[in-house]
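Multiple structures are listed underneath, in structure tokens.
Below, subunit A partners subunit B and then partners subunit C, in two separate complexes.
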Partner chain A sequence: MQYEILSRPAASAAKLTLDAGESVTCEVGAMIAMSAGFTVETTSRKKGGGGGLIKGLKRILAGENLFLNHFTATAPNQTLIIGPGLLGDIIHHPMKGGTVVVQGSSWLASGIGIDIDATWQGLGKALFSGERMFWVKCSGSGDLFLNSFGAIYPVDVAGEYVVDTGHIVAFEDTLQFHIGKASKSLVGSFLGGEGLVCKFSGQGRLYCQTHNPPNFGKLLGPKLKPR
Partner chain B sequence: MTGEATFPGGVFSERIDDGRAGAEIELSVAGVRARTPDGAEFLLPYAECRLEIGGASGRMIFCRNRDRSLTIFCEERTFADALSRASGGLLSESLGELLAARRRESRRGWWIAASLALGIAALLVAGFWGVRVAARAAVHAMPVALDEKIGELALKSMDLGGPEVHDPLVVGALQAIVDRLAPHAAVSGLEFRLRVVDAPIVNAFALPGGPIVVYTGLIGKAAGAEEVAGVIGHEMAHVTARHGLERIADSVGIVTAVQILVGDTQGLVAFGAELFTLASVNSYSRRQEMAADEEAVRMLHAAGIDPAGLARFFEVLDREQGDLPSAVSWISTHPQNQARIAQIRGRLAALGEPSYQPLAVDWAEVRRRAAGGGQVE
Partner chain C sequence: MTIEFLCGSCQKHYRVKDELAGKRAKCQQCGATIEIPVPPAVDPQAEAAAPLSPTAPPRPVGMPSSSENIRGSGDFEFEISQRPDFALVTVKLQPGQKVFAEPSAMASMDPCITLQAGFKGGLKRTLGRALGGESLIINTFTATGAPGEVTFAAGQPGDAAHYRLKGGALYLQRGAFMLHGEGVDLTGKWQGAKGFFSGEGLVLLKASGNGDLFFNSYGAILPVDVTDQYIVDTGYIVAFEDTLQYRVSVLPGLRAGGTLKTLFFGAEGLVCRFSGQGRVWIQTRHVHPFLAWVNPFRPAKSN
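The block that comes next holds the complex of A and B.
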């Protein structure tokens, strides 16, 4: 499978080119356009079995869909264009074993060698990280496509790194994070507008997004005219 | 000795493109060995191993060399024990420290979560009771017109259990008692309208706002007009102390309680009317009964009627109740008769030796007419 990410970072779409017999698993509703030579299969399982209803239900908790769409090319050189629901960026993360923990709704597509599951990150993170209660856990090998709100930037953390709540897209499971105050005093943290932050430690790659959907919603919502 | 089992994990090294890859980990004699799917091999001798614990799960073990150019990591639960054994005890101490620190951290997390949950539960319970207590206090600030509305609605839909007595001798005798007591009521402007109902039950009750119902069965049990005056005084005291509204506020759900606090009385009226229509009208609390007794003694004394009648009536009923408790409705739901008699007698002693005017009622005639169904002859 070859990929190209178009019109980054504001209104990205991923153009995937697949050879006959190659498959890719996408988020429901992600397909924008495709060549005629694809078969589309919708299941709650991973392509080729594995997973099933329980994993599907866990994905719902993590903000994804019960169902997965599997696109399989039936002819050479077939193109599939996929994109996220919100305006934003797409990034390709090559997986060679290991696990990436993805913020709910940031998973866009992955190769069939990657297993999609949900994981619980603990009560503190569930309440205060600005993300969902459950996270999507992608493990295995292959191509992983993530989407964001705003632009995505990768950070290779070695040691410590601080991200504001709501700005995490994904991180490798070799990284640990906990919720902490932005500055030394709690009052200062809130007066400074930062409040709580996510403090990462360890070694691994972290993807952050430049904007966060809840803040955008809060900003825009009151200005919308009632219909 | 060759290595034991293999574990799924990963490796960080500059020798790999992108710096990271998944790997199969083997604990060999020489050290921790990692093999990536591309076939690259890495070896970290036990003696050079620096251990760390972390990762998203918090239990991933990282084995690093001194300059951190090579890191082999694994999250398997059995990895720590296997590593400790394979290293011949070389890494046991530092592993033990790491795991103990992790346990401490996780215990701390649980404590925080547990205290948070307890705090939230305590707040919910306190909020629930706070609203109930506040609603109970708030009903006293509401206009008495509300009591009247509830009483009127309840009376309309209530089954009184017998025909109303219209004999002016019977009704007039009791209304005269009400009229003597009314000017001494703690709340002015209430209309205490008395109804006599012909039924062989020893009962009397008042509804919020003033309607009073006395049964002919109770008249038959009273030896004198002062005893019935005591009962009427007691019921009027429930009305003026607004015990009915208090009882409603105690029984309403949390939603109506919140409505009461924000001044919305619709739910209160609807619920109150239903409560007094369906439930026993005499289910007041012990505190409310004692308060009504005390207030009755005060009113009777102020009106110049001997309050001892109330205590005497209690004594009569107490004896009757011993034989057949369910027959005496007025007292069967009233707790601790002896304590109440003692309280009334105590109040009377404190009042000294006042001169009371006997009620100008031919009680024997009232009883006879009431026993006959109170029909006008």
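The block that comes next holds the complex of A and C.
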């Protein structure tokens, strides 16, 4: 599979080129346009079995859809254009074994060699990380496409790194994180508007997003008519 | 001094010598060709004030951009700048030349330009445009006495594109019309049952004649040359040439022995299947997902 990420960073779309027999699994609703030589299959499981309903239900908790769309090219050189719903960037992460933990709605698409599951990060992180209770766990090898709200920037963590809640896109599971205060005093942390932060430690790649979706939602919400 | 940049496709971080600025190289990780960016002149004091910690994100100097300006000339010179997120169309009119734009599209203009609002093309055309999701009123901008510039921008953040009509016709999705030059005829075109199923509107705008046309989108615009068949989700079509035939259907999975699930649970819903030879313009975003996302943030009605 060849790929190209177009019109970055705010209106990014990924253009994937597949050869006959190649498949890609996409988030439901991600397809913008495609060549005519694709078959599309909607299942609640990984392409070719595995997973099944329980994993599908866990994906719902992680903010993704129960169903996955599998696009399989039936002719050579077929192109598929995919994109997320909101304004933001797309990033390609090549996986060679190992596991990447992805924030709820940031998973966009992956090759069929990647297994998609939901993972529970523990109660403290679930309540205070500013993210969903469950995260999407991608493991295996192949191409992984992630999307963000705002632009994405990668950080290679070696040692420690602090990210504000709501700004995490994904991280390799060789990294651990815990919830902590932004400054030494708890009062100071909240007065500074940063509240609690995610403190990462270990060695690995971390992807952050420049904007925090709930902050934008809270700005718009009060100006809209009540529902 | 070293230059730090990221590979445009796999984001691998590189640090190279200054002398290599502007050269091309192959990414060691993914094999993509990268142009080594020329670093902007940095104020050494500012640099010292904000030292990069070892774990700080590498500066995205080499981020690729599709923000190239589009320049050209038809009946008049034009430029589309600030692409793809905040496209601004600048047209340069010679004395006596006119452009016709949708209301409130004008952003700024020279004092020699006169603006006249009015119905254009009689009752039938006017109503046709209204059904096509555009305003009844069309603003006419005329350069009087001296050449002058007018700039236009859409209400939403997004891209804009130019199309030169040469006797053919172009169909525009609801709300995509921005402005046109002299010689272009704009009317609503009933699409029959196809329009009903496309979910975007029963009437498409049809532009025909000889002249310049500009249209806009939400998100970036990608042109696709269709040579045989091409499938686009109905919400992402901006415009297409009338040499293309189209029909609204469900994703191919459903027909090729697939299951009904693709339609009901796959959420890709209905797609437009283009066939023939011609160009279709697609947008990379559409507003409905944004509206669905913002909805939960609305305050709850208090009883």
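Rule of thumb we're sticking to: the second predicted complex is superposed on the first by the 224 of 227 C-alpha atoms of A that agree within 3 Å, B and C clash if a C-alpha of one lies under 4 Å from a C-alpha of the other, contacts with A are read in each partner's own complex, and residues count from 1 in each chain.
Note that a contact is a pair of C-beta atoms (placed from the backbone, for glycine too) under 8 Å apart; a residue touches a chain by one contact, two chains touch by 3 or more.
As the structure is a computational prediction, the values presented were derived from the model and not from experiment.
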**Request:** After aligning the two structures on subunit A, examine subunit B and subunit C and state clash or fit.
**Result:** fit
**Request:** May I ask you to decide whether A:220 touches subunit B, subunit C, both, or neither, giving the answer as first, second, both or neither?
**Result:** second
**Partner chain in contact with A:174 - subunit B first, subunit C second, else both or neither** = first
**Residues of subunit A touched, compared between subunit B and subunit C (which is higher)** = C
**Prompt:** Mind checking the angle subunit B, subunit A, subunit C on Cα centres after superposing, to the nearest 10 degrees?
**Reply:** 120
**Prompt:** A:85 contacts which: subunit B (first), subunit C (second), both, neither?
**Reply:** second
**Message:** Contacts for A:141 in the overlay, against subunit B (first) and subunit C (second): which applies, first, second, both or neither?
**Reply:** first
**Request:** Check the residue A:75 against both partner chains and state whether it touches subunit B (first), subunit C (second), both, or neither.
**Result:** neither
**Message:** If we overlay the two complexes on their shared chain A, which of subunit B and subunit C does A:156 touch? Say first, second, both or neither.
**Reply:** both
**Asked** Which of the two partners, first being subunit B and second being subunit C, lies in contact with A:94: first, second, both, or neither?
**Response** both
**Request:** Once the two structures sit on chain A together, report how near the CA atoms of subunit B get to those of subunit C, whole Å.
**Result:** 5
**Asked** Which residues form the common part of the subunit A surface touched by subunit B and by subunit C?
**Response** 94, 156
**Asked** Across the complex, what residues on subunit C touch subunit A?
**Response** 6, 8-11, 13, 29-30, 54-58, 60, 63-66, 84-85, 157-159, 219-220, 222, 224, 228-233, 236, 251-253, 256, 258-259, 261-262, 265-268, 273, 282, 284-285, 289-290, 292-302
**Asked** Inside the complex, what are the residues of subunit B that reach subunit A?
**Response** 8, 10, 12, 18-23, 36-38, 52, 54-58, 60, 62, 71, 73, 75, 109, 112-113, 116
**Complete:** Interface with subunit C, subunit A side, in the complex: residues 3-13, 28-29, 31-36, 38-43, 65-67, 69, 81, 83-87, 91-94, 151, 153-161, 208, 213, 217-218, 220-222, 224-227
**Fill in**
Residue set of subunit A touching subunit B in the complex reads 94-99, 101, 119, 121-124, 141, 156, 171-177, 201-205
